[in-house]
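Labels run A, B and C following the written order; every chain starts at residue 1.
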Amino acid sequence: MKTLGLTRMIKVEVVVRANDVDVVRELLRTAGVSGWTSLTGVSGFGHHGNHEGRLLFNERSGLVMVIAVLPEQHGEPVIAGLRQMFGDRPGVMFISETWVSRPEYFTRQPPQ
Amino acid sequence: MKTLGLTRMIKVEVVVRANDVDVVRELLRTAGVSGWTSLTGVSGFGHHGNHEGRLLFNERSGLVMVIAVLPEQHGEPVIAGLRQMFGDRPGVMFISETWVSRPEYFTRQPPQ
Amino acid sequence: MKTLGLTRMIKVEVVVRANDVDVVRELLRTAGVSGWTSLTGVSGFGHHGNHEGRLLFNERSGLVMVIAVLPEQHGEPVIAGLRQMFGDRPGVMFISETWVSRPEYFTRQPPQ
């Protein structure tokens, strides 16, 4: 990817109930993440055994996927915050390597 | 990613016609995949020359993207099953590396 | 991934205003990309400071994510074209490594 003039980042994809999107956004904002993309029309099934005896998602619709891209060195508070959030809210997150052409757009801003 | 306390998995993204989603889900379930996320509002174009002389997708809407995350060592039956499914149904799949914080949620369950 | 019989490609994910999707598609077509998948129901916030003094996206809905998969060696004109497009249109792109089972479906076609 370096041959394409791109800069390595991490992409955090989070699937949560629509009601919990504000929690995710606040967590991202607090961690200084400068932007995100949200997808609606998301449903999920299972993904992880049970949560307090229930399936976390049971072909439930009304979910949202929030996608944020940030430098890996800024990932720790985001991932720690999401992990804590999943202690009492259903959801999943996937973290992947991705590459961008304008890294300054994804660079941590001072928390507001 | 290891520095973030994450565990490597593979993410399988499959785009198929809405009518074929049940085939994908059954295939995942049989392979012991413990959950998935579905996105609607998906359309596609081409992506792969022709299928029996027709474009596989021709700006067709009504497609669904199914996303499943699983350990790479459990990927073979899923990928083999999807490849076989694509023998007579239009669609595409992409497999990527991804990382998760709670690997037990994505670990193969005994087939039901 | 090679153990799964897969071939490495790059996945280009582009988030733009619905009005700009045709520009992206034309750019992909000109670069010989043989197909793409589009997701609607997309909204975005910020993601990159300001664009001519305005937030690029301000929790704006009506965005589209276009996903294209192509060989890395064909990525340069696509990425250069998108970078140029972002000079006067809001949007983000992420480029990731992905793997496919039928590489011929994603191979560059002669531009039309």
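Quick note on the criterion: a residue touches a chain if its C-beta (ideal position, glycine included) is under 8 Å from a C-beta of that chain, and two chains touch if they have at least 3 such contacts.
Just so we're clear, the structure is a prediction, and the values are computed from it rather than from any experiment.
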Item to complete: Rotation angle, chain B onto chain C: superpose the C-alpha atoms of these two copies and give the value as a multiple of 5 degrees.
Response: 120
Worksheet entry | Type of chain A:chain B copy interface by residue overlap (half), same or different | different
Worksheet item: How many angstrom lie between the CA centroids of chain A and chain B, rounded to a whole number?
Response: 20
Discussion item. Could you pull out the residues of chain A that touch at least 2 other chains?
Written reply: 39-41, 96-97
Fill in: Sites on chain C touched by chain B in the complex
1, 3-6, 9, 11, 25, 34-41, 69, 96-102, 104-106, 109
Practice prompt. Note which residues of chain A are touching chain B in the complex, please.
Written response: 10, 15, 39-49, 56-57, 63, 65, 72, 75-76, 79, 82-83, 86, 92-97
